[in-house]
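Chains: A, B, C and D, in written order; residue numbering restarts at 1 for each.
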Amino acid sequence: MIGGGQGAFIGAVHRIAARMDDEYTLVCGAFSSDPDKSRATGNLLGLAADRIYDTYQQMIHTEVRLPENERVQVISIVTPNHLHFEPAKLALESGFHVILDKPATFTFEEARLLKEIIERTGKLFCLTHTYTGYPMLKEARQIVASGRLGEIRKVYVEYPQGWLSRFEEGRDNKQALWRTDPAKSGVAGAMGDIGSHAFNLAEYVSHLQVVSICADINKVVSGRQLDDDGAVLMKFSNGASGVLIATQVAAGEENNIRIRLYGKQGGLDWQQNDANTLLLKWLDKPTEILRTGASYLSSYALHNSRTPAGHPEGYLEAFANLYRNFALTIRAQLMQEKPQKEWLDYPGIEEGIRGMAFIEHVIASGQSETKWLEFNV
Amino acid sequence: MIGGGQGAFIGAVHRIAARMDDEYTLVCGAFSSDPDKSRATGNLLGLAADRIYDTYQQMIHTEVRLPENERVQVISIVTPNHLHFEPAKLALESGFHVILDKPATFTFEEARLLKEIIERTGKLFCLTHTYTGYPMLKEARQIVASGRLGEIRKVYVEYPQGWLSRFEEGRDNKQALWRTDPAKSGVAGAMGDIGSHAFNLAEYVSHLQVVSICADINKVVSGRQLDDDGAVLMKFSNGASGVLIATQVAAGEENNIRIRLYGKQGGLDWQQNDANTLLLKWLDKPTEILRTGASYLSSYALHNSRTPAGHPEGYLEAFANLYRNFALTIRAQLMQEKPQKEWLDYPGIEEGIRGMAFIEHVIASGQSETKWLEFNV
Amino acid sequence: MIGGGQGAFIGAVHRIAARMDDEYTLVCGAFSSDPDKSRATGNLLGLAADRIYDTYQQMIHTEVRLPENERVQVISIVTPNHLHFEPAKLALESGFHVILDKPATFTFEEARLLKEIIERTGKLFCLTHTYTGYPMLKEARQIVASGRLGEIRKVYVEYPQGWLSRFEEGRDNKQALWRTDPAKSGVAGAMGDIGSHAFNLAEYVSHLQVVSICADINKVVSGRQLDDDGAVLMKFSNGASGVLIATQVAAGEENNIRIRLYGKQGGLDWQQNDANTLLLKWLDKPTEILRTGASYLSSYALHNSRTPAGHPEGYLEAFANLYRNFALTIRAQLMQEKPQKEWLDYPGIEEGIRGMAFIEHVIASGQSETKWLEFNV
Amino acid sequence: MIGGGQGAFIGAVHRIAARMDDEYTLVCGAFSSDPDKSRATGNLLGLAADRIYDTYQQMIHTEVRLPENERVQVISIVTPNHLHFEPAKLALESGFHVILDKPATFTFEEARLLKEIIERTGKLFCLTHTYTGYPMLKEARQIVASGRLGEIRKVYVEYPQGWLSRFEEGRDNKQALWRTDPAKSGVAGAMGDIGSHAFNLAEYVSHLQVVSICADINKVVSGRQLDDDGAVLMKFSNGASGVLIATQVAAGEENNIRIRLYGKQGGLDWQQNDANTLLLKWLDKPTEILRTGASYLSSYALHNSRTPAGHPEGYLEAFANLYRNFALTIRAQLMQEKPQKEWLDYPGIEEGIRGMAFIEHVIASGQSETKWLEFNV
């Protein structure tokens, strides 16, 4: 693992996700740019002292020279955005599979380069757009694919948070500090942090691609350097339209990412606060409540849950589904077997490139006086 | 009553709303442009034969000559939009108070003229933006006024319907026929029919005015003459921003108009499907569930409900609140007394003018390639 | 109307319910045992002075001598329980149809007598078990009748309130005073006031009859003379079992009466807080959400709503459905026509007798040390 | 681990729970009474071949002779009920800490003996009443302890399931087979399997003890040997009363265990389907929505969650909280430190004894014709 020192939120989440299904063992790490902190974290995590590294470069260079049955196989990178590309590049080029926190990179250009590296090295790559790991979103995607809803007409996604309603970066909030700093986060704040998740959800569930956007991007809290709020009108490849809302200043909101999507015959509605429920709506029939773990679900949804219906699975399980599917795919590759189609349903570099394009386009659109900005990627 | 013949939806609703609190008696009507239908409706409603009229002109001209204690006092106009202005003008100029279904008129210009007529005649005027009659929206407006939420930053309103997902106007659906006909509905379809409600809610609850908009307006169902879908980015007078969504092609949706609004300290969330609940959200405290009829509510909310907490009141009660408050205000005027402030909280011509401006601006913005359209009214 | 003077809750509700569908006009009343109060109420309601009476006896004796086209046709009795039987008897025997607030009478014996009087006089009789007026409970009853759920196995009903958590009868709360007074309420407090509603719902929806019970009946608030809380184990005629919970000391609860019922194949769930929704659950299929006003509902549900799906109808509309169906049935009788089956679906004296039997049995069971008490009526 | 071979539900859950917080490593197991199956399971789980055992006796006898730094420290027993006591006894007497699936034992007498063994050996013991691991139930317990709700008056618990609506034991459903077999499950079916959870919740949250009960216990599905349904009236030590519902024949229900509890001033409501929400109700104030991870929660709730508010945690996390707190307590013992009070909040043998007493009393009461059965333990 690269990054994820003490105090980091997402590093701990990655570690739980990796452990849950017993497919990974944490064997080494460079957990911080501060070697003392890296060491302290590694010790807490019970790593062997010689597998705790001062820098990610040291880690990769050392590990690559270990005997094959000892060295790390997969490297998770959970650093802030400005430290995504270089470690990922080095890891891939050194022969390791990579799991990378989203958004893929600091710039769109880096994402494009990363794709070349992945293709060139042939290593496997997973981008942790967590929400696509929820079983009921996998079901949603399968329902759209089945055509039962008819041609898709509308896609609404939203991600309302309230935790940046105050000037948290002035109150020494570590999570806020890097996310609102252009040098670490990139050109976007809220749009990169959570807007990119909503965008990914829209494309993942709908099987459509955004082709043009019109964005209203705001810095609401005074003193803030990056956007903390925005809304985006979207047009999709098939003529459908939609709206994306992402804000971090909706005081009192937690993390309730939601997608609603409507076709000619019906629609669906999912939100994280009720993550094990998918509402399926119809023109002339009662709405149906689909539930995680139920026997009538698709193989995609069933493969991604661990308990019978009625035992709530949540965010950590969704995250673990990414790790698990990536592991199953890696193992299939090792065994020279064909991975099951359900295993391959994890986000990769294509989603990373789309996400980085979203970030750059949405900020550009926010600054533009022209209404529609084409989204050519 | 003018309009509201058999088969009309909103006419029957107006009549129930008028009856509920025993403040009105239906005494006369011109219920249809077809005299036979008008007569049939009047008979069904138990009106005296000589108070059922062939045309609204006949009705007003006849009624005005009846003795004061016999003639109608308030005229409800529940016709399609193209038949709002002329009857309202005639009624007001003949000395009657007027209740008018929304949107106010066929064009913005008519609304402006109607305001002059109202001011000149001194008669009272109520525009039935129903949703503002809900007690928990009255509470929401009072909470914003109290400043407890802090300066308002975000306003999200949405009104998703699905009933026009098919080409209903080709299936002889009477409600669809006039609403999708530019000659009867005006320049807008969905935006006039339901978008204007959402717009009214945004301004009513926030105490703010929209100052510029950017709209994506769509005719989704092929063959349809007017918009059946749209989304609008909005900027408010205090710098706040927001999103308005109105669609009639969200297959499977009913009528769940919703407002979410966030200030510096907290936010609120109301939706028609759970109309007796208002969620009040806070940065650092648990969300509170405010409920119709509860003792802790403001005088505005309490005045507008009829039963103790836990006895659900709905759409018809909200509608009746408009009628009741209008009646109480008329009576106060008759008695030369000062109406209570709670009674005056019903929509009037200002809301009508803002609504017609919304309709014309939103359609113009939809057709424009410029991003922001100023909203100067 | 008999009873329902100023300050009464249920009298005003009856009047709104009667007005809503324009089937009734209030023409006379004896609104209170205090003639001054009766007069004041009648004046407020705009009655002619000579139709406001000092006593119900005076009212009935006077009205019966008026010309047929002037005199009242239906008498609503909305007094406390100890004043149900005598006015109902006199009204029926004088030739008037009667609407009576529940529970039917002060004692079971009175209910039995009332049934004889109704049969003897041939007049029509409606008992206002409000909740059976909700369209989605009518749907629930039809679904059970259809056999789709299979043989019924479990029936859970509950009616939790919190408004008697304190000694309200010591705080001059008029609603509490008579309800907790054995001289006015009868042998039961909570069980008569709300338990009887829950019992009615259980039998109405299930089409089953309770055959034995085991009750735990409590006076929780010290000083209270009647029960304010209880729970009842129930056995039904077909071997099914169930639980009834009714309490007025669940601090913070409003009025959320609920029924859940399970058959061999599926179940249903309805609660007043979400009154326009009926959940239909299945062993191997997604739960379905049935909604008031939707096209797929039975004729019973559709007949009992006034607006399209998505316009919430509530408690007053449910109450009005009882009044409306009773009026339609009376009119059919007048016209010597056969009433539609949907009109006849309002509670009458059979429900009244079952309810009074419930009240007496449940109190007896609460005092007994034997487990099961047979319920033979 | 003892038990939990392939196909077992709860064994896999225990293993995930143990892994989640990195406090346990699975080192050995006797996963089945069938040695081949035990071996296959152990291989799948990646255990060293010499740590996979044919029988639990072999495992304990072998492990106890391993060097201290190699041998297992904690033994998880996840077998059917008839195989709880003997392995637990042997493990404890051999010096191992024990985690035991509920209910504690096959009979009450075994539970009493187990308590003696635990006290005699001084080893630590955890009983996996999962639901008490949910952060919002820990909060509920703290709120009751704080006295804010006033003296507790009512406790309602329910655990509705539908999965045994059919004769599953005749369809080769492994989960159903042992649970409905008196030789493996004990005197109770549903009451032991899920009723005991509901009972535990009632006592855990209320801080009260049940002192008498009156039960209706049913075998609904024909051919079934043990109860699959029941309801229990309960009296508590402080005079409060309550109802417990547990059924496995509520067709269409999943696993929505729920507790509602009311004191003089207010109440609370929690259900597994919305596990991260705790509703706090008040006599004269709005209901409050408390949420997992929020800053205003008690140290007990915060200690038992892993992510910020809005990231749903579910059943596996609740289970993991038991494992984690047990591990923290064991480590404190090893370090001869005082465990934090939050760590000690896991269920142990006292809960096991109360649970077994519940099972035996509830079945006895179900068979009795006397109403109340004293609950003396």
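Rule of thumb we're sticking to: a residue touches a chain if its C-beta (ideal position, glycine included) is under 8 Å from a C-beta of that chain, and two chains touch if they have at least 3 such contacts.
This structure is a prediction, so every number in the text was calculated from the model and none was measured.
Between B-D and A-D, more C-beta contact pairs join the chains of A-D.
Centroids of subunit A and subunit B (each the mean of its C-alpha atoms) stand 43 Å apart.
If you average the CA atoms of subunit A and of subunit D, the two centres end up 35 Å from each other. Centre-to-centre separation of subunit B and subunit D, using mean CA positions: 55 Å.
Residues of subunit C found to touch two or more other chains are 253, 287, 291. If the chains shown are joined wherever they touch, the resulting network links each chain directly to all the rest.
Put simply, subunit C touches subunit A in their complex at residues 279-280, 284-291, 294-296. Here subunit C touches subunit B in the complex through residues 9, 12-13, 15-16, 19-22, 45-46, 161, 163, 253-256, 272-276, 291, 306-317, going by the rule given at the top. By the touch criterion stated above, subunit C contacts subunit D in their complex at residues 149-150, 153-154, 156, 160, 162, 165-166, 214, 216, 218, 220, 229, 231, 233, 241, 243, 245, 247, 249-253, 260, 262-267, 281-283, 287, 368-372.
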